[in-house]
Amino acid sequence: MSVKDFVQKRREALIELRRDFHKYPETAWLEYRSAAKIAATLISLGYDVALGEEVLDLDSRMGLPSKDVMSAAMARAIDEGANPELVEKLGFGKTAIVATMKFSDQGPVVAFRVDMDSNDVIESKESDHAPVKGGYRSCHDKAMHACGHDAHMAMGLGLAEYVAEHKDQFKGTLKLIFQPAEEGVRGAKAMVNAGVVDDVDYMFGLHIGFNENYANCFACSNHGFLATTKLDAVFHGYAAHAGSSPEKAKNAMLAGCTAVLNLQAIARHGKGASRMNVGIFESGTGRNVTPDTAVLKLETRGATTEINDYVIGRAETIIKAAAEMHDCSYEITKQGETPSCRMSDELAPEIQSIIKPLGIFRDVPLDYSGGGSEDCAYFLNRVISRGGMGTYMLVGSAIKAPHHNPLFDIDEEDMLNGVIALGTIAAHYLK
Amino acid sequence: MSVKDFVQKRREALIELRRDFHKYPETAWLEYRSAAKIAATLISLGYDVALGEEVLDLDSRMGLPSKDVMSAAMARAIDEGANPELVEKLGFGKTAIVATMKFSDQGPVVAFRVDMDSNDVIESKESDHAPVKGGYRSCHDKAMHACGHDAHMAMGLGLAEYVAEHKDQFKGTLKLIFQPAEEGVRGAKAMVNAGVVDDVDYMFGLHIGFNENYANCFACSNHGFLATTKLDAVFHGYAAHAGSSPEKAKNAMLAGCTAVLNLQAIARHGKGASRMNVGIFESGTGRNVTPDTAVLKLETRGATTEINDYVIGRAETIIKAAAEMHDCSYEITKQGETPSCRMSDELAPEIQSIIKPLGIFRDVPLDYSGGGSEDCAYFLNRVISRGGMGTYMLVGSAIKAPHHNPLFDIDEEDMLNGVIALGTIAAHYLK
Amino acid sequence: MSVKDFVQKRREALIELRRDFHKYPETAWLEYRSAAKIAATLISLGYDVALGEEVLDLDSRMGLPSKDVMSAAMARAIDEGANPELVEKLGFGKTAIVATMKFSDQGPVVAFRVDMDSNDVIESKESDHAPVKGGYRSCHDKAMHACGHDAHMAMGLGLAEYVAEHKDQFKGTLKLIFQPAEEGVRGAKAMVNAGVVDDVDYMFGLHIGFNENYANCFACSNHGFLATTKLDAVFHGYAAHAGSSPEKAKNAMLAGCTAVLNLQAIARHGKGASRMNVGIFESGTGRNVTPDTAVLKLETRGATTEINDYVIGRAETIIKAAAEMHDCSYEITKQGETPSCRMSDELAPEIQSIIKPLGIFRDVPLDYSGGGSEDCAYFLNRVISRGGMGTYMLVGSAIKAPHHNPLFDIDEEDMLNGVIALGTIAAHYLK
Amino acid sequence: MSVKDFVQKRREALIELRRDFHKYPETAWLEYRSAAKIAATLISLGYDVALGEEVLDLDSRMGLPSKDVMSAAMARAIDEGANPELVEKLGFGKTAIVATMKFSDQGPVVAFRVDMDSNDVIESKESDHAPVKGGYRSCHDKAMHACGHDAHMAMGLGLAEYVAEHKDQFKGTLKLIFQPAEEGVRGAKAMVNAGVVDDVDYMFGLHIGFNENYANCFACSNHGFLATTKLDAVFHGYAAHAGSSPEKAKNAMLAGCTAVLNLQAIARHGKGASRMNVGIFESGTGRNVTPDTAVLKLETRGATTEINDYVIGRAETIIKAAAEMHDCSYEITKQGETPSCRMSDELAPEIQSIIKPLGIFRDVPLDYSGGGSEDCAYFLNRVISRGGMGTYMLVGSAIKAPHHNPLFDIDEEDMLNGVIALGTIAAHYLK
C-alpha cells in the first residue's frame, strides 16, 4: 500500500491519537503517560524498544523538576491509564525512547527524531478554540501542547506503523527517537551523549506549524536555528516593614525589575540575530513587607554560538550589578542549552525532488529560516561531525495563534501530509 | 490579687499560650484555630461571646481569600484541634469575636482591641532563632507571626482571665474585641460597621515590638499612624514565541517592571511622610514564552489621608501608562484601606500617671510616632467621633529583626509587662 | 523716624532696587554685578565693608564654575555698570561681603545674613508674568531670581540704610552678611570658616516666599531645615556605530537612566523626611552614535544628617552598580553640602512678641517647617555652638508658582513688611 | 596614463587633500568650506558645476540646523579660506554639488555619489591617534570625520581629476554628485527630488572602512542596508522646588529615562534586523529644581521598511505612555529618514570581473552585509525604478576604532586603492 493510501486509511486513528496527546499534555521530563503509550505501541508493532537509562546519559540532563513534582506526574500518568511498569522504567527524569527496526545487515541507518513535551501554558477556554469545541482541551493544570509536539508524536507513530506494516520493502535500519524535554532544550544532549545516534547515517528532525506564509508547505532544511541558553537568576535581599522602616529593606524586587528592563535592552548584535526573554518573574512574600527575594527565568539566543555568548555575558553583568545596586546577593544557574547548527547542504535538494512530486504541498522550498532554537541540533551536529548527513524539516501549517500562545492550534490535514512525507523519505533512504 | 501577682502566677501559662499561637500562625481571614481557641477560652471564663456574623458587616470586609483557601484552612484548624462548631460559625470570612462582661449598669463601657492574624512570611530556620530553639517555629507553610499578634492574643486572654477572676472589683462593662485581618487593614471596618463599638466610652488598641529605642518602654499614645490603601494591579498582554516572533508580544512583565520602578520613584510629599511598597510581583508562564500577565500587590501610605490620596493618584496614573506603553490591558482593585487617626490628647497623660508608678517599664513616654498603619484607626475614629475617647498604646520590646522579617521575635518579658499594664488600665477605667 | 515710616518713604526706591536685581540675575559665585552694587551702596552708607578674600576661607568654597565662565560673568558685570575695581576684588569666586557698623563698645554683636545668587532657570515670557509686564524680566540667559534672593538683597540694603540713618539710636555692633552661592549650598561654609561670625551674639537668617498658607505671615523660626549634599556623577562608556556594531557599545545613557530611576526610587526613611532630586541629566554626542558619556547633577536631603547620609550611601551604591551594569567607568564629586540645624528655642517667642504688635502681618507663628535646605545652617550652628543664639525667619508671601519655577514671583508688599520686621528686630537687640 | 600610475603620481596630493578635509570637519548642512573647495576644484578641472538651489528640492530637506548655527558656520568657512561667493550660493542649507562632464552625445550617463559631512564626535587627543601625530586633528569643536567622508571627498576629487585629464578616452556623460547631510540621512532625498539622477543609467555609491574582516577588500555590492528614521522627542513637565514641594513636580526626566529604557528594550523582530538608538538625552535646568524638560534624539532601523515601521510604532507608543506616566506633554518630530534598498544583482559580478584583475585588493567579494543605513538608497532606488542599474560598493579598510568613535581612522592606502577602483569602473562604463 502506498503511504498516501495508508494515511487515508488511518486518517481518523491518527487524528484521534493526536487529540489524545493534546488532552493530556505533559511538560518537560514529565512525559510519563505520553512515553508509556508510545513505548507500548512501538513494542506491539514489533520494534526493539530501548528506554530510560538505556538511552540517556543521566549527568547530561538539564533542568529536571523536583522529585515531588516527578512523583506526582508519575502517579497522574498511571491514574490516566499508563502502564505502571513502563512508567517505573521512565521514572524520575528518564522519559526517553529509542525504537529500532533492522531490515537488513547492509544499508544505511536512518533516524527520525520526535519530541514529546508540552508547554507551561494555560490553554484557552474560548468556545471557538478547536480543542474546546472538540472536547480535547488540556485536562492538566498549567500545561498545553502549544507547540505541536502532540502532532509530532502522532506523526512518529504513524511512520512507525506504516514502516512496520511494510517492513519487507525496506533495507538497512530505522531508528525512531522520542525525546523528552525539548522545551527548554534540556533533553537532547543526554540522549546524544548516551551514543544513540553514533551509528546513524541519515538524521532527520522535523517540526509542524510556524507561520501563515508556510501554510501547507514542506521546507526541506532550516538554516535559521538559534543557539540558546536557559538561565535562572535568584536575588536575595532583606525583608523589612514597609511602613515603619523601609530604609532597612534590601529590595530584591527592585533588583529584579532593574535587571529585567536592562536585560531586554541588551544591544542588538551587528552580526546577526540575538534574543533575550525573561519569561517568568516572581518576587516578594507579602504586600506590606519589602520583597526579599526575586526569581527570574530567562533565555538567551543567538544566530551563532558567539552571538549567544555575547548575550549571556551581558546578562551576567547586568544581573550582578542589579544585585549590587540593591545590596542583594544572587545566584545564576544554567537550566538548558543548545548550540546553533548547520544542516547538510546536499540533503535539501534531494528531499525536494522526492516530496514535490507527491503533489500534497502548496510549495516545497529548500529552506526555512525561523528564529527558533531546537536541541535537535545536538543530534544533527553529532551525526554530521561523524560523517553522516542530517537536516531539519518544516511541515508548515496555518496556525491559529503564535507558538506557545493559549490559542495555538495546527491544521490536522498538514499533520497527515507530514506522515506521508516522512514515510516517503524513509522509503527513499531505506532501500 | 494584684495584676502583678496574677501575671507572676500565670507567667508560664501565658508564655505557653503565646508560643502555641506562634506555632500555628493563620493569615488574614483564616484565623480559625486561633479564634476558636480564644472563643472557647472566653466562654469558659464566663464572658458573653458574640461571633462571626453577629459582629461583622459582611459587605465591609476587604481582601477575602478564595473559598477553596478558606475551606482548606478550616479543615486544617479542625485537624489541629479546633472546635468544629465554632469553626463553622467563624467559617468563610467571619473570624471575629466580641466578648462582653457587664459588672454594673452604671459605669463606662471600656473596650480593648486585639488582632489575631499572622503574616505571609516564611519563618527562619536559623538555629539560634528562639522559636526554632524552643520548638515552636511555625508549622504552617508561608505563614509566620512576624508582627507580634501571637503576643497580642496572649495578652488579651491574660487580661480576660485576670478580669474574670476579679470581676467583683470592676464597675461598668468590659468589651474584648478580637479582630481578624489587621494585616492588609481588611478586618476592622467590617466590625466597626456592625456597630460593635457604638456604645464604647473608652477605646484602647495596642501593639508590641517596634524598635530598639523603645525596648521595655510603654508609650501611651501613637500620633504616627499612616493612612493606607492596599491595591492589586493586573496587566494582560499577549504571549508569543520568544525566539521566532518576539515582535508579536505584548509584554506584561515589562509593563509590570516599568510600573514597579516608577511606583517606587513616586515623589516624596513636602507636607509629610508617604510610603509605597510593591510587596508581590508575579509574571509570566514559561521561559520561552513572552510573558502575558503580571500581578502587582502594593500598598500606599500617607501621614494624612490627603497625602495617601496623592500617592494613590500617582500610582493609578503610572499603572495605566505602563499598561499602555506595552499595549496591555489592566485592572486595579482595592484590597484594603484605613484612614489616618488622631488620638484623644487627654488620655495619654492619664495613662502615663497610672503606668509609670508600676515601675516595670524603663520609660513611659507620652507618644510614639512610627510609620505604621493600623485599621484600629476605624475603632478609634468611630468612638471619638461619637464623643468617647481612645488611644493606641505601644508595648516596646527589643525585637530581633524588623517587623515582618523571618527572624522577627519579641521579648516575652515585655509581653508579660503588657498584661500588667492592660490590667492596670482596665482597673483604672472600670471603677 | 519709625522703621514703618522709613519704609513708607523709601517704598518706590526699595521696589526699584529689587526689580533691578531681578533683571540682572547672577548664579552662584557669579554675583559680580549684584555684589559690587551692594558693596558700593554699603560703603556710601558709611559701613566698614570687608570683601572677597578677607571674608572667605578659599579652600572651603564648593562648586565653583570654571575660570572661563567666571571671566565672562565679570566682564558682563562691568558692561552692566559694575565698578571694575570692586569686581576685581570679588573676582574668581570671591563674591562675599561683610559690612560692619559699630555703635558702641558695649552691647551685643547682631548679624543678619542675606544671599545674593539666582537660579539656573529660564524665566517665563508669559505676558501676565509681572516681570514681563513690568519690563524687568531677566536679561541674562538661563538665569532667573526664582527664589526671592533679589528681594533678600533689597531687604538687606533697606535695613542697612535705615540703621545708617538712625545710627545714634543703636548700641553694640551690626554685621550685614551678603553671602554668595546659597543655591547649591556652596558659599556659607567658606564665610563661616573665615571666622566672620565668631564674635556674633545674635544671628538672623531669613527667607521670603514659601507657600500660600503663609501669605503675609512672619514665622519666627524654622525647624524644618533639611541637611543636603550636592553631587555630580559622570559615566564614561564607549561610542560605537549604532547601526553596524551596537554590541560594541558601552552605553553610558542606559547607565544614567537606570541610575536616575533607581535613585528616585531610594526607599523612604522611617525616621523622617528624605529627598532625592536628579536635576540635570545630559548624555550622548550624536543620534547614530551609542552614547559614551552621561552626566547627572543631583542632590540628597534628610531631616537629619543621619538620614541624609543614608540617602548618599544608597546613591553611591546605585551609581556604582549602574556603571558596572553597562561596563562604564564613573566618578562622583561633591559640589556642595550643608548640615541640618536646630534653632535657639528662646528666640522665637521673643521675636513673636515684638513683631506681632506691628500689626502688619496676618499671623506671626512661632515656627515654619518646610522642606528646604539652607547653608545659613553653618552660620547658625557656629554662633549657637559658641554660646550665641540664632534663628531663621520666614517672610511668607503669596507666590505665583513654586520656588525655582519659571513663573515664580513674590508679593512686593511682603518684602516691604520684611524690611520693617528686620529694622524692628535690629532695634530690639541693638540697644 | 593608467589610473594606477595616475594615483601613484598624485599620491601625496590626495593624502594631503584628505587630511585637509579631516582637519576642518563640518557637520550636516554646514559643509561650506568643504563644498566650496570641492566646487572650486571641479570648476578649475573643467566640469559643468551646478550648485545649491539648482540641485536641491528645498522642501525635501530634513533636519536643518538653526539659522544662527548656519550663519556661524558660513562665517567660519570664509575665515578658513572658502570662496565667499560660493559660500553664499551654498548658504543656509544648500551645500549640494553636481559636476557634469559630457564626452559624447551617445553613451551612458554614469554617476558617482560622495558624501561630505562629518560627525558630532569630539576627536580623541590621544598621542598615538594618527591625526594627532600628523597634525591634522579636527580643529572644530564637537565635529570629527569619524566615518571616512573626508576620504570619500578626496576619492571623488581624485576620480574627477583623473577623468578630466583623460577625457578624450571616455564616452557618454559623467556625473559627480557631492551630497550634504548623509549623517542623519537628511540630504539625499532633496537632491533626488530635484531630479539630478533622472537621466542616469549607472549609479554608484561607495563607502570606506567598516571592519577588520574586510581590510583591503573591495565589495561590489551591499545588501545589508537598513531602512532608518530619525526622531526627536521632547517632554514638557513642571518645575518645582525639589526640597519643599517635590509632589508638585511633573518630572520630565523620569518620563525620559523610562522612555529610554523601554525604547532600548523594544522586542527584536523575528523577520530580520532592527535597531534602536537614543543617541542624545538632555534634561533639567538646575540641581534643586525638578526637571521640567527632556529632549531625546533617537533613530530606528530595520532590515526592511516594514521592520523599521514596527520599531517606529513601538517607539511612538512608548514615548506617549512615558509622558502620560509623569503627567507631561510631549511632541515627536521627524528629522530624517531613508528606505531600505535592493541593489541591481547584475552589476556586482561585472564589477568583480574588472576590479579583481587590478591585483590591489586582498579580496573582491560580491557582497557586504553590514548594519548601516545610507540615504544613497534614494539615489539607487530612483535610478533602478527608472530602468537604470546601481550598486553600492565598499572599500574595506583596517579601521582603528568603530565608525563614529573618537579614535576612528582609516588606512590611507585603501583610500588610494579606492581611487584606482573608481577610475577603473568609470573607464569601464564610460566607453
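In order of appearance the chains are A, B, C and D, and numbering begins at 1 in each one.
Everything below uses one rule, namely that a residue touches a chain if its C-beta (ideal position, glycine included) is under 8 Å from a C-beta of that chain, and two chains touch if they have at least 3 such contacts.
Chain by chain, the UniProt names read as follows: A, B, C, D = Peptidase M20.
Every value quoted in this text rests on a predicted model; they were computed, and no experiment measured them.
Distance from chain B peaks, on a Cα-centroid basis, for D. Measuring from the averaged C-alpha position of chain A to that of chain C gives a distance of 66 Å. Chain D has its Cα centroid 46 Å from the Cα centroid of chain A.
Taking each chain's centre as the average of its CA atoms, chain B and chain C sit 46 Å apart. Counting partners per residue, chain A has 243-246, 248, 251, 254, 258, 261-262, 264-265, 267-268, 270, 275, 290, 370-371 as the residues that reach two or more other chains. Contact topology of the protein chains: fully connected, every pair of chains touching.
Within the complex, the chain B residues that touch chain A are 119-122, 142, 147, 183-184, 210-211, 226, 228, 230, 238-246, 248, 251, 253-254, 256-258, 260-261, 264, 275, 277-291, 294, 297-299, 301, 335, 370-373, 402-406.
Residue ranges on chain B touching chain C, taken from their complex, read 261-262, 264-265, 267-268, 270, 273-275, 370-371. Chain contact summary for the complex, chain A toward chain C: residues 243-249, 251, 254, 258, 261-262, 265, 267-271, 290, 310, 317-318, 320-322, 324-327.
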